[in-house]
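My questions all concern the structure below.
Letters A, B and C mark the chains in the order given here, with residues in each chain numbered from 1 onward.
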Amino acid sequence: MKTWPESIRITAVVALVVAAAAVGIVGPDYLKVVVVSALTFGLFAASVAISIDYAGVLSLGTAAYFAIGAYATALAQRNGWGYGSGVLAGSVTAGGLAAGLGAAGLTSRRTPIQYALLTLVVSLTLQQLAISSYDVTGGSNGLPGITAPSVFGTKLSLEAEYFVAIAVIFATFCGLYALMRTSFGKLLILSRDVPERTEALGHNVKSLKIFATGLNAIVAALCGSIFVTFNGIAYPGMFAALPNLLVIVWVAVGSGGGISGAFLSATILNLIEFELGSEYTDVYRLFIGGLLIYIVSAATPRFWRAATAKEG
Amino acid sequence: MGGDLGTWTTILLDVLISASTVLILSFGLFLVYGLFRVVNMAHGELVMIGAYTAALAQRAGMGFFFCVLAAGCVSALVTLLMDFICVSRLRRQSTLFPLLATWGFSLVISQGVKLIFGSGGMYVDSPISSQVQIMGSQFATYQLALLAVAIVLVSCTWLVMAKSRFGLQIRATIDDPRLAELQGINTARLFSIVFALGGAFAGMSGALLAPISAINPNAGSDFSITSFMVLISGGLGHIGSAVFGSLVVGGLRSILGTFGSLTLATLGMLLVVALILVVRRRDEDLA
Amino acid sequence: MSDSAKALEIRNLSVGFGHTAVLRHLDLNVNAGESRFILGPNGAGKSTLFNAITGLVKSQSGSIKVGTSRLDRQPPHIRARKHIGRSFQIPQLSEELTAGEHVILSLASQAPSEARAAGGSQERRTKAASLLEAFELGKFLDLTPAAMSHAQRKLLEIAIATSRRMPVLLLDEPASGLGADEKIVLSKNLAGRFGMSTTLIIEHDLEFIKALALPVFFLHEGKIQLEGSFGDVERYAKRVNVYF
């Protein structure tokens, strides 16, 4: 549990930056891909923490935003529409989806469990869509062969691409971190804990929450774009129940540590998973399942209570 | 197409068979959710375990009927384990925590099965392999038998809920849990019983559907998705909504499956269901 | 800074739930800058009246006006943004934010012109500190509510509500949960602020009511039965055999 003081977390993040830079300079290529992938998951979890921990909105379908970013980037590249427009389209689509889900599901008429189920169902629906639209999305095979774009006509080395990606990830992280420390972040916390007081100050709590989920979606889509650039393939499994579960666990482990807690927990857990290798994937996932059970029953993040209180 | 009686009968029977399959599959999930508002995310995995149990029991030489019973027992035991570990306690605290905890269990179970039995598939032979001709189309007798099972299941459930003391206790508990407690009904134990029953039904449905389904460690997620769609389409807890939901899902699956690919059918169902979720009014539905 | 207080005018307000009518054709007028108590027996509908003004509860008929603006069609958060400030009977505080952060958020939530007047973040912090000092909560500037007693949390609640200069201010039982010392602090602060907003105070604490000596509305059986001094209301209540 990330009950470390803030200064230790910041130190850990800085250490991560240094380590990532070192890998970029002297590490083997495969390790660069591993580190970038782990860091995209870290940033993804940090964005989800904005929704769950700060705004108190528990979504079970955030992997869909990640996957939308991946697919949009992949589609754009394979169809020659330009890498950048793919990334942009992915973020916009994900943000739009989050806004739509928020408008439909975050009203006073809907309970948190309805919103949670709705988001999960949407993610699974998109998975089916990806599987069945073979012509567009490659079906179950996904869209392979994705690489980083050329810059001004020159293909960059993996090392250069790596450093650009790392820079983007850490810059975005810093942006989110700074944002959550402003009064906007505090306002989200207020709306999570005492929504009536927040409304009594003149704020539209529903809009605040939708904005938080939208921010989550946009950053998550960006992470998906970076991930697919280095891992080469977008596939329907990115929308499945499993990645949704995983991100919930990462955020829960880091809960109480804000943006940096989620970032650290997701990055470290993923580095561990990659290091264990594919023979241990099944054991590792079993452990994650058990971890979720433990977290929910014995060590519930306190911010979940606002989102999951028993009604009536 | 046109008004050919034979064609319409075929289509109707197709829909009914599809609906009955789906009803049997989702019954356990529906039972627990409808009565106690607890979403068991491990439902599909419990079905899968039932199928595995049946396969192993059949290999050991047991008759099909006993395979089904064994499957029910094993899944019920696993469910009781979940109940004991945390679900019972969580149910009192929140409507969402049991969902999350059972989601964790679903991963533990599916990964556990994978580690123990490997990723390959299992096979269960159908107890009835004959076919029947009705109005010019061939139907597998086994699937017609499943239709009969579904009808019996629905009737018995209705009878128990409406006429028996057990059913009365359950209805009292749903209406007013505090009052029920005061009247001496042990709601915690009632929940555990119903939860375990839901698991038992899941296991038995796994065995019953095994001859016509793919069985592997990942099969749970497909089972779960279909069951959820029935849950969401049908809505609130009485047996009538289970029937309605099954008809919607089974019907769509059968009709869209005939005219399009199966994945398109699944997609169509999911879209309809997501729509229903959004459009559903302010009620307690899925509260 | 010009006077922000505006008149509150309620006409023919009816609020009911199902078959029960709580407020029946209620009329109520407060001139700009004036302050009144609202008294009445439990269940008379005082909180319902507040909820109808803030928009948490729908009214079946009647109009609510602040100055020249009609509030009826506006959602709760718009009413709160432009017209109404309120304090809650039970303090609504986040355990994760400090007292200072609560007040700063409130200061930042004013109409743009007032918010700009409150200054940048350093000035807001100074202003929050002095606001908390006025309520003798200065030492909690960087502490969360966990460090505060029940009475102090209530004072913080009032401090938050009164930090915004709003045309109308609704206080829901501000004295409840306060000890004698805290009530003095509260009276001092309210007395100093009264001219800035048109204020309605729901209260049950007789000592406090007599100490502040404001005119009183008596709410009973869905209507304002009487408007006058506390003495007038006492006599009326005795006559009709009602306790409040």
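The definition used in the following text is that a contact is a pair of C-beta atoms (placed from the backbone, for glycine too) under 8 Å apart; a residue touches a chain by one contact, two chains touch by 3 or more.
Note that the structure is a prediction, hence the values are computed from the model and not measured.
Within the contact network of the assembly, the step distance from subunit A to subunit B comes to 1.
Relative to the C-alpha centre of subunit A, the farthest chain centre belongs to C.
Of all the chains shown, the one with its CA centroid nearest the global CA centroid is A.
If each chain is reduced to the centroid of its CA atoms, subunit A and subunit B end up 32 Å from each other.
Taking each chain's centre as the mean of its C-alpha atoms, subunit A lies 42 Å from subunit C. Separating the centre of subunit B from that of subunit C, both taken as means of CA atoms, is a distance of 54 Å. Of all residues in subunit A, only 183, 186-187, 189-190, 192-194, 196-197, 199-205 touch subunit C in the complex they form.
Put simply, subunit A touches subunit B in their complex at residues 58, 104-105, 109, 111-114, 116-118, 121-122, 124-125, 128-129, 131-132, 240-242, 245, 248, 282-283, 285-286, 288-293, 296-297, 300, 304-305, 307-311. Residues of subunit B touching subunit A in their complex: 39, 85-86, 89-90, 93-97, 99-101, 103-109, 111-112, 114-115, 221, 224-225, 228, 232, 261, 263-264, 266-267, 270-271, 273-274, 277-278, 281-282, 285-287.
Residues of subunit C that touch subunit A in their complex: 54, 56, 75-78, 80-82, 84-86, 88, 92-97, 101-102, 104-106, 108-110, 121, 160-161, 164.
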